[in-house]
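You will see two complexes here that share chain A, one where it goes with chain B and one where it goes with chain C.
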Partner chain A sequence: MLEAMWSGLTQVLSFPALGLMLLGIPIGLIIGAIPGLGGNLGLALLIPFTYGMSPIAGFSLLFGMHSVVQTGGPMSSILFNAPGTGPSAADCLDGFPMAQQGKAGRAIGAALVSSIAGSIIGAIGMAILIPFVRPLILAFSPAEFFMMAILGITFIALVSGNSLLKGLLIGGLGLMMAFIGMDPITGVARFTYGQLWLFDGVKLVPIVIGLFAGSETISMILKGGSIVEGDVQVGNDVFDGVKDVFRNWWLVLRCGIIGYVIGLMPGLGGEVSAWVTYGHAAQSSKHPETFGKGNVQGVIAPAVAIHSKEGGALVPTLAFGVPGSSAMAILLGAFLVLGLQPGPAMLKEHLDVVWAMFWVVIIANIIGAMALLAVAKYLTLLTVLRSSLIVPFIMVFVMLGSYLTSNSITDLAITVAFSIIGYAMKKFDYPRAPLVLSLVLGGIAEKNLQMSLQLWGASFLTRPITFVLLILTILSVAYPVWRAINKKNGKPEVAA
Partner chain B sequence: MKYLTSGRMLFSALFVVVFAVLIVTATGYNPKARTFPLIVAVPVFLGALANLVVDFRIVQRGEKPKKEKSETKSPITVAEATPAEPAKKKEKLSGTAKRRRELLGIAWLIGYVLAITFLGFPIATIGYMVVFIHFFNRESWKLTIIYTAIMWAFIWIAFVYFLKSNLYPGLIFEWLGI
Partner chain C sequence: MKSTLNRMHVLFVVALVATVLSVILLAGCASPTPTLVPPTAVPTKAPVSSSSSASSSVASSVAPTTVPPTQAPTAVPTPVATAAPTAVQPDLAFYNGKTVTFIVATKAGGGYDTYARAIAPYIQKYLPGSTVIVKNVDGAGHIIGANETYAAKPDGLTFGTFNTALIFSQIVGAQGIQFDLTKFTWIAKMASDNRVLLVGAKTPYKTIDDAVKASATKEVVLSSAGLASASNIDALLLQQVLGLKVKMIAGYTGNDSDLAILRGEVEGEVGSASSLAHFVDSGDGRILLQIGLKKDPTLGAAPLLSDIAPANKKAITDLLLVDASIGRLVAAPPGVPAERRLALVQAFQKAMADPEYLAAMQKQKLPVDPAFGDDVGNLIKSSLSHTPEDLAMLKALLGPALSGQ
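Take a look at the complex of A and B:
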């Protein structure tokens, strides 16, 4: 084992693997930072270039790029409220308010170091678990997926800000939107009203971009000025964000493990890991009311989970050839191009390649995050540009990001509609996060509940992991209520 | 009547209408397909009604919703460098002027999308940037041209040249067969 580990490291740090990894990193950072592109596009573009390469060289390029896509993603979320990737939408909630307060540097610093921490947790988890993975993966069934989704949906209360009623209303709207399209069990087209483009359901990216970035452009045209509100200096607090990650090491570890476990489950995407950990951070915070208003923990939690999730998603891909995410499905194609067959045999015959992937994930994230940390101070200057210059910049990328999701003009109309809805929600105090949270989790919950009921009937709730998740869900609902009652009665809170 | 036509009330009422429509639509599906939508929509519809009542009371009392402070008190200082010109102070707008600006913001979004639909991404982006920066915000021609050129070059190099993205060419060019 140690020999293969060392062999993987030396091969990654030698020519041409190192050069290819260094080539992949800037591509990944740029693709991640531009709203709407996402890592899948980068993988699809780069796979043809790996023909004829050795497996380690090919994976250095592909993983070098793919590992850092989510590192670049939070940049546009924090600076412009325009999520670069689907999962990084969760970073808008506290990252952008921090930018408005002139703390963009701190938010970026925290997001970047969290990325490193998350990727290390994910890679270590991958290395530890691969030999014992089979029983664990087989323990996850639709019943566990359903309870995981329900646990996430209960966090609506935590991301609803001042108005729980409005939060639940918006959460309900998100769930109803998740039902749009073909019913997975009966095949009935629901809420499509004869529109063919709704048959596949609604796409997340155009909605999220409109809800956050589009609505922000309307606000900026209305208010003028710049993103930063008030008389503050920007760019001097990047290192504060770095320190925040170390101060919150326990949160980092918890969110890293949660993200990793979610990554292990095929079919639960990065969005789930980001939103579930955001909810967890808010739930376990002593000051949940500060979430959504610029709490750095709200930036750290999703950033860690998005990265650790990738390590988890690699496990079923490598061990069984079952892709843990859409990116991993594309990567399966790369395995074949490079002459490898994922599965138990690969873990025996090509263990050095597996370890090389482990090292590339860690090294690429460290290099990518360090590169962005070096320029973070200058990136924050974008938040003090006046609206006449920053609005067209955001608007163009909003529309490009929305269009490039599926090269459809319809997506632009969706983005405009949700920009207006998002602006109205902001104006009339409706929280926007519950809509994304329930839209991401609603479909997963319904599909897996239907499957669980068909497989086991109501007794699926007694499956061991499902039961534990059920208890966690009950605690997740009961804890904020208990805390609110304590607060009302004036009793001191017990640290969570 | 004044209360009923306020933006807050109309937005709340919109939720009631939307959920009513969704419930009516869902009842038309077979029992398996409608179960979950109805489980969600019916209580949320009741919640939307409650929210409408809450908002009516807020509007009736003339309460101001809790908002973050957003007024700029003084020019912004920057640690390392400053933008080309100092940021303009945000002016305080009257109710009518605010509504007009809101509609203008929405119009910019819709206008840009319509321009993309008819003229395609490249031309619409140039047109939109020139009109927004120079004519709407009265920035200098020099800044407008430089900024637009940089943005356009970035889009072309990144999306067209490297990523080979198929940027929408526009209906007019499709009609003309260009």
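Take a look at the complex of A and C:
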């Protein structure tokens, strides 16, 4: 195995593999940073170029691009409140307030180093655990997915800011929106009013872009000034952000593992990993009320998870030939183009290719993050630009990102509508995150509930892992209530 | 909360209402109803087989092919006198310097997208001077992409690819359909992919007879992506033809069903041979039945449905065959001028015979089995014409799933 590791490394660091990786990295960063352009589009466009390449060279290009998409995503989340990729929406919650406080450099530094950390955790998980992970993957069925989604939904309480009631209201609205469209199982059209573009439900990316970035744009138009409120020096705290990640190493490790496990489960997706780790970070913090106001842990947690999730998604792809995510489904096609058949056979015969992937994921992330760190200081200057200069740019960014999702003009209308709704929510102090959380998780919860009932009836709750998750959910709801009661009674806080 | 109503509140409510109204209006305008083909124009059937010398190279895998009737295209601005039916020439000059849009009715990365992107550079090669771009228009199970293709300008610069299973949707009159499959300008189909019934290696069914017998006491549990998906429809139709009683668990999209079979949650699924091949190779699954025009040699001993199906169920068997034998359709909006249609058809013919293209597809293990022009169109038309009894039966069987009621 050590020879395979070394062989993989040397092949990755030699040409043409190295050159192709260096080519893929900026492509991935840009695709990640621009909202609406998904990594999947990049893969679909690059794969035809890999015809005829050797496997390792081809993977250097594809993985070089794919690994850094989620590195670029948090950049626009932090700077403009415009999520570059769906999962990086969680970074908007604390990243943008940090930018508004003039700490954009710190947020960017933290996000970038978290990216490296997350990809290392994910890659280690992939390379080392593949032989052992098969029973783990097979243990998770729709029942467990349902319970995980419910657990995630209870995190609404943690992202509701100062009013649980408002959070629940908005969360309920998000759940209602999650049910728009054709029921995934019975095909009954709900809330579609006969409109074809609603058949597949409301799309997440246009909504999130409008809710966060569009509303900030409106706010800046009305308020003037710049993203940073007041006259603050920016850009000198990038290294502080780097140090933050090391200071929070235990959080990084936990979020990396959670992200990896979520990545192992096909069908959950990057958004779930981002929001669940955000909720977990808030829950495990001593000051959960600071989340959403610029707590750097809120930037670190999702940034780590969205990278370790990629490592997790590789596992079922390589071990079973079953894609762990939609990007992996496309990569499976690439495997075949390059002459490889994923599955147990590949792990025996082409171990060096597997290790090469491991190295590419890590090295590409390091290079990509370093490149951005070098220019981070100049990126933060965008936050001090006058709104009259930056707002038109952001508006184009936002509209382009929304349209690029599906080449559909109705998405633009949705973005505009949600920009206004988001601004109203900001103005009247309603939290926006619960909407996204329940929108993402509602569909997953409902589909898996229906499947579980079809498969086992109501007794699915007695499945061991499901039951454990159920207890966790009850605890997750009960704990803050119990803490609040204790505080009210004036008792000293008992360490739980 | 402020209790006084100030101007900002009013402005917000007005803006919100205005936006909602404009969204609804925009939605109405964004999906235009297709302009009806004027009744005098015969659907342009450029007689492919008789006018192009490349007809002999048309690898038509469909057995029952007759030379399509040569009809003089009326109301079509060909420079040749309408009396001579075989004088249509491909208008390659038109495509020089133009942008051709290839609409794919799925998101980037799926099977249809892969086929489209694989052949696009070769179409560009055989339409000299043109630029072919692939445009993803996904949603509503290929219906949105098919609608957009149907409603596009019929100038020969737009064509699209979508799921053959839309035939079922058209039969039952599903919601949202704004096209008529019989009226499209058919260009080609790119593949055929036998459908297979796969069961897990751990299940007790060794042959299709085992499964049918066992299902009499306990239904066979099969997975599907959703009620309107091909995997579900095929399974329900199989139930009709073979008497194989099935319990369908829907919701397994993509390859989720593979893991479900490994976990033992479900016992099997109906899917395409190419997408399930890896599952058989790894020894995790076994194929009981294949549905197609001819046996796929890689699928082992599994019998063909047409060999074992009872004769009185031929209509349904044929319907299942259509899904298997017509894969990766390519069509243009109705009313494309004959010479441009011919240019497109010939471009596809040459592209699919190009050795580079074939080698690349071979490497990706993507089957290539082309048919062109009217060969495709006639198959589609025949699959849409059924006796009233069959039609009623199909509507009853598939209606609840596909019409969203």
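Note that the second predicted complex is superposed on the first by the 488 of 496 C-alpha atoms of A that agree within 3 Å, B and C clash if a C-alpha of one lies under 4 Å from a C-alpha of the other, contacts with A are read in each partner's own complex, and residues count from 1 in each chain.
Note that in this section a contact is a pair of C-beta atoms (placed from the backbone, for glycine too) under 8 Å apart; a residue touches a chain by one contact, two chains touch by 3 or more.
Since the model is a prediction, treat every value here as computed from it, not as a measurement.
Trainee: Determine, under the contact definition given at the top, whether A:413 touches first (chain B), second (chain C), both, or neither.
Mentor: In the superposition, A:413 touches chain B and chain C alike.
Trainee: For A:185, is the partner it touches chain B (first), chain C (second), both, or none of the two (neither)?
Mentor: A:185 sits against chain B and chain C alike.
Trainee: I'd like to know which partner A:41 touches here: chain B for first, chain C for second, both or neither.
Mentor: A:41 sits against chain B and chain C alike.
Trainee: Quick one: classify A:371 as touching chain B (first), chain C (second), both or neither.
Mentor: Touch partners of A:371: none, neither chain B nor chain C.
Trainee: Who does A:461 touch here: chain B (first), chain C (second), both, or neither?
Mentor: After superposition on chain A, A:461 lies in contact with neither partner.
Trainee: Mind working out whether A:321 is in touch with chain B, chain C, both or neither, as first, second, both or neither?
Mentor: A:321 contacts chain C only, not chain B.
Trainee: For A:424 in the superposed arrangement: first (chain B), second (chain C), both or neither?
Mentor: In the superposition, A:424 contacts both chain B and chain C.
Trainee: For A:386, is the partner it touches chain B (first), chain C (second), both, or none of the two (neither)?
Mentor: A:386 sits against chain B, while chain C stays out of touch.
Trainee: Touching A:253, do we find chain B (first), chain C (second), both, or neither?
Mentor: neither
Trainee: In the superposed arrangement, what residues of chain A touch both chain B and chain C?
Mentor: 41, 45, 185-186, 188, 193, 407, 409, 413, 416, 420, 423-424, 427-428, 450
Trainee: Which residues of chain B touch chain A in the complex?
Mentor: Its residues touching chain A are 7-8, 11-12, 15, 18-19, 22, 25-26, 29-30, 32-33, 36-37, 40-41, 43-44, 47-48, 50-51, 54-55, 65-66, 68-85, 87-91, 93, 98, 101-102, 104-106, 108-110, 112-113, 116-117, 121, 125, 128-129, 132-133, 136-137, 139, 143, 147, 151, 155, 158-159, 163, 165-168.
Trainee: List the residues on chain C that touch chain A in their complex, please.
Mentor: 1, 8, 12, 15-16, 19-20, 22-24, 26-27, 30-31, 107-110, 113-114, 117-118, 121, 135-141, 143-144, 147, 175-176, 226-228, 249-256, 258-260, 262-263, 265-266, 278-279, 281-282, 360, 363-365, 401-402, 404-405
Trainee: For chain A, which residues count as touching chain B in their complex?
Mentor: Those residues of chain A that touch chain B are 30, 34, 37, 41, 45, 97, 100, 162, 165-166, 168-169, 172-173, 175-176, 179, 183, 185-186, 188, 190-191, 193, 214, 217-226, 228-236, 293, 377-378, 381, 384-389, 391-393, 395-396, 399-400, 403-404, 407, 409, 412-413, 415-416, 419-420, 423-424, 427-430, 446, 449-450.
Trainee: Can you list the chain A residues touching chain C in their complex?
Mentor: 38, 40-41, 43-45, 47-48, 51, 137-138, 141-142, 182, 184-189, 193-197, 199-200, 266-267, 316, 320-323, 326-327, 329-330, 333, 336-337, 339, 341-344, 406-410, 413-414, 416-417, 420-421, 423-424, 427-428, 447-448, 450-451, 454-455
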